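Next, two complexes with chain A in common: one pairs it with chain B, the other with chain C.
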Partner chain A sequence: MRKPKPFIEILSSSLHGDYKFPILEILAFLFVLSSFVFTNIGGWGSTGASEEFVVFSIIRSLMGLPLFILVMLLLKNIASGIGNDLEKGTIQTLLAYPLKRRSILTARLLSAFGMALLLFLGIQISALYILTPDMVAPNLPVVLLSYAANISLPLFIASVTLLMALILRKGSLGVIVGIMFFFLFGILSSLVSFMSQAMNSILPMQLYSLVSPSFCLDFYYGSLQSDHVFWAPSFSEALMYVGAGYGISAFLFCLSYFYFCRRLNL
Partner chain B sequence: MPLVVAENLCKDYGKIVAVDSLCLEVNEGSIVGLIGPNGAGKTTTIKMILGLMKPDRGRVEVFGKNPWDDPKIRSDVGVVYEKPLFPAGEKVSDYLERVCRIFGVDESRASEVLKLVNLDEANDRPIKALSAGMLQKFAIAHSVIHEPRFVIADEITSNLDPKARSSLLDLILQLHEDQKVTFLLSSHILPELSRVCDSVVIINKGKVNAAGSLSELYEKFTARTIRVSSDKPHELAEAVKRLPYVEKVETDSQGISVKISKEGDDAVYQDISKLARKIRAKILGIETESTSLEELYKVVVDSEVN
Partner chain C sequence: MNKRWIILLGRGGTVLMVAGLALLLLSLIPPRTVENTDFEQTLNLQPKTFTFELSYFLTFPADPQHGFYVNAEANRSVIAYLLNVGREYVQQWITSQFTDIQPSPSFNGSILEEFLSNHQASVIWQENVDDKEVELQYAPTRLTNITLIFSNQNLEVAKVKYSGKLLNFIVPSERALRPAEVAIPVGFILSVPWLSFMWKRRRTVLPESLPSPKVADHVLRESAAPNSGSRFRIGKAMIIGGVVVLALLSSGTFLLLNSLMPLEKKNLLVDTSFSVAANKYENETVGIDSPGNYVASLTVSEGTIKFAAMLSSQFSRWLDGQFEPSWVETDQTNYGMVMGGQGVDLTIYFVFVNNDSFGKEVHLEVSKVWKETNYPDLLGGVALVLSGIITVVVLKYRRRLYV
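Then we have the complex of A and B:
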């Protein structure tokens, strides 16, 4: 009798399902291509911008398309992983194994999110080092904060999608909701700036920053460059929004865990 | 000793009551049949026993533990679902070897169980390439791979042809005899259940209508039918009808079929012989007809409706 390894086996089967050849290879290629091709690294010297602002701006341009690919990958993994299990009923087979429900969900999420984030961040940080070798180490807090702020929205969208997929028991429907959310937030970022100026209040911006803290960070670094910005949040305020963004996503993930482990009847 | 104890189990789907105060026991070493019409609550009951569903009220224990809270009991439980659900893209042998690692049994067990269900030639096929019958066999191989003490099977024979059904029932009996595996089987094909089960639970509208060994239930719910061959069937029928314990008499050219209640058990042969002598009819043969599980099931469900 060997030692049972249910968690490792479910994780390995999830990885096998989520990143079947050539999904991982194509994604890595797209991440690398979009990281190097669309990044704006030139011309910052003549603007007189601070190094912090330059690093933040480079990271923003470095993340543009890869962030979109990351969101799509997370949504696809939710649909084909736990969503598919619920839709097709294979979750019942998983629940025939001596494994807690939370371990099954953790294995599925580690595969869906962990691997995708690892791939995304690995390529991003490598690209940043290759493109701006002298700027990363001295500005590590800016790098970390920028990534943390920018990944918060994809995580929020993924957590909403997961919860929807669990409640609706249909991965595909959850993904449609997730894609709608992603584009909605893109439109909302322009809309809240307009609303704030029309209302002469920063409240819409603050509310939006709760789920998309990179919006607040934009204003924070913008305010370092110019005094004429509509909203000039402090550094601690920016940090607070990043924390709040992760807090909301963590709450939604906990809700998903609670629903899956204690409420979901199959 | 009961492996499964369910007490006052209740489960609603909104306004629909799927299971209503259901009580059930499955003793170690037995083969129990769970029968009932469509929508009777069989699958819901099985899901609560497996811990896939939480009862709204009541208690269910498997090996003395709550299956919803304690997944470890599944190390000793095998499951065959009505519709086998496996990742379609994986190869038969790869998937079973993975299941071996999950349960911590030697990977060679995968080929053993495939051989056991006569599926060893499909070893290298992807699961999606299996026919419905092969998939059912695969599900059975999957359910016994870790040598469980208890196997729950929902409509286990539904996708199999008669020959495959027969060999599956032989397999159940073999596992039961060799490894003392306890089974809870739900099936619509009642003659098969009567071949393997030593007791049945008949449920309807979420409630247990009857439970016990087959002989006990036949005794309790069905009238005995006596077949009498005679040269004067019509005259004999008229005379037999007057016996107080006779419920129904059917006549044909060869003889009569007499349905009697329990009270007539001891006297019926003697009384019919006496009556035959009185009307000068010859008795060419007399025997008790056996009642099928299907008839028993109809009687139990009909008695509840009435």
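Then we have the complex of A and C:
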């Protein structure tokens, strides 16, 4: 008989816990419906917009509600997964496995984030292809960059929530903070534009773009359409912000790993 | 096969199946007509010539959510072409290649042949139009310009009657249906081993998992008589319940999606018929006292008539020969008008000019049109989805109801 692999055991039990039947199916249904129903391609045709800008705008429109569902799913997985384990003490059972702590956390995160992102991106890119079959392949760099930039903020929020759940040993509190963060960043995007124009400086926009690179990408593609934009970042600058966004999230995840492996006393 | 693989493939299959069902649902939603974009024309196409459809709406590029519908019929065979280039581009190409030709809506047929031989990839659709009605619903796959052309290859004048409108899709039906047709059966096949595995497991673990001693006792008594089929009955109830839930949720979702399409309402302001004598004109006045969208629909008993809508000042200037409106020559049309601003109080003059040597009967209808939220579908959808959710809860916790 084949020896059971502890990492796979934890991963499969986490997947089972995070996506009990029919959660995954309902999410898939909602992702598909909301991707199409709330998409609104219109208005660019008459303005003579470039195809790059149109693809970027379609992706922004396609992601509206599904991105919100994704954030809620990530937060729920943290709360009901690692947060719940810490709160109820069931983490002890996982620690009894012959595995390093970092592997346990990796299995948990792969389940919580990996599956959700796979489902989200799979459905989103398929939906984009169904809607605009002849625009995806020629604009693949735009598609990939747009998704990378837009997923950066949810990952940042999820990483903060995870760190909070580990430190406070309570998933629910982390989720509340995560939801607040999500709405706060929505409000901030308008506030930052206003502040930048009031101060006549692009610094607030640049700072905000560090955690939400899609904001910078918005201006980058906007500047391709019109010369009258307040901030016209270059392509390399936009790439740098995407990299920085992921860098910050990666740093927070590393902190979570460090805390879970070295500092968490149970 | 390993149990874990069965679960993995099974869940993947159910996700695929559900995504396919969602696409199937979306493919059932019909496209919406973009407000005031209907056009209806009758062309008298000279022998060996071609002409462009000159609708204002076709000057905008179409995108994957905004397509185009046209139906046409003709008294003799003409060819309709839909090109993925703009009308301006075609006209520019013609005037650059044939320098002695001035820009015009109608050109010699040989010019079109020349253009098409140089732009074969530009032809999206080509159809022979005759006395049988031809229809086309086109949804582009990318941002594209469109041009509709009618070409008369005959030696006699061809009368082409066509109508069209711009359409707004959530997703074009064909494009949603194709992946759904693959995803649903593939998903089902993948999920069969997992579903049968779940079915078997459920049958074996059912007695231990029963929460209520009363129910446990009931099942134990039933299991003492193995041929009674009690457990099968429980399974059957679940299947029936599942089908009911699926039907409630899918029909509720369909109604909710349908409620996104507003209901079209109209208020008839004028409904009149009158005669226009040979080589004379007639006018009808309509008072407009509120802003909004208005549509004038007219039909002519015989032949075509020149028609224009004017404000009172324009009408008096036209009578004095100081103003020339944009005339529409047609036998039947829906003419859209948008009246904006607060405190609208206008009189619109609908003028009909008969240039023929015989009299004509004209029927005119003027209506105010608007859209309303589709509350019946919205409420029905909410009620059905809620019923579905309640049924799920009842099915899930029904064992507790025995207590």
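FYI, the second predicted complex is superposed on the first by the 260 of 266 C-alpha atoms of A that agree within 3 Å, B and C clash if a C-alpha of one lies under 4 Å from a C-alpha of the other, contacts with A are read in each partner's own complex, and residues count from 1 in each chain.
Following the convention adopted for this analysis, a residue touches a chain if its C-beta (ideal position, glycine included) is under 8 Å from a C-beta of that chain, and two chains touch if they have at least 3 such contacts.
Since we're looking at a predicted model, the values are computed, not measured.
Peer 1: For the overlay on chain A, clash or fit between chain B and chain C?
Peer 2: Once chain A is superposed (C-alpha atoms), there is room for both chain B and chain C without a clash.
Peer 1: For A:L24, decide between first (touching chain B), second (touching chain C), both and neither.
Peer 2: Touch partner of A:L24: chain C, not chain B.
Peer 1: Where does A:L95 make contact in the superposed view: on chain B (first), on chain C (second), on both, or on neither?
Peer 2: After superposing on A, A:L95 lies in contact with chain B but is clear of chain C.
Peer 1: Specify the partner with more touching residues on chain A, choosing between chain B and chain C.
Peer 2: Between chain B and chain C, the winner on chain A residue contacts is C.
Peer 1: Between chain B (first) and chain C (second), which does A:F251 come into contact with in this model arrangement: first, second, both, or neither?
Peer 2: neither
Peer 1: Return first, second, both or neither, reflecting whether A:F235 touches chain B, chain C, both chains, or no partner chain.
Peer 2: A:F235: touches no partner chain.
Peer 1: Examine A:F194 and indicate which partner it touches, taking first as chain B and second as chain C; both and neither are also allowed.
Peer 2: neither
Peer 1: Using the touch definition from the top, say if A:V32 reaches chain B (first), chain C (second), both or neither.
Peer 2: second
Peer 1: Give me, in Å and rounded to a whole number, the least C-alpha distance separating chain B from chain C in the superposition.
Peer 2: It is 5 Å, taken between the nearest C-alpha atoms.
Peer 1: If I apply the document's touch criterion, which positions on chain A are contacted by chain B in one structure and by chain C in the other?
Peer 2: 12
Peer 1: Spell out the part of chain A that touches chain C in their complex, as residue ranges.
Peer 2: Result: residues 8, 12, 19, 21-22, 24-26, 28-29, 31-33, 36-37, 39-42, 44-46, 49, 51, 54, 58, 119, 123, 126, 130-135 of chain A touch chain C.
Peer 1: Quick one: which bits of chain B touch chain A in the complex? Just the residue numbers, please.
Peer 2: Within the complex, chain B touches chain A at residues 47, 50-54, 71-75, 77-79, 81, 83, 85-87, 89-90, 98-99, 101-106, 142-143.
Peer 1: Could you please specify the touching residues of chain A with respect to chain B in the complex?
Peer 2: Going through chain A, the ones touching chain B are 1-6, 9-10, 12-13, 17, 20, 88-90, 92-93, 95-101, 262-263, 265-266.
Peer 1: Residues of chain C touching chain A in their complex?
Peer 2: 4, 7, 11, 14-15, 18-19, 21-23, 25-26, 60-66, 141-143, 168, 170-171, 175-176, 179, 253, 257, 260
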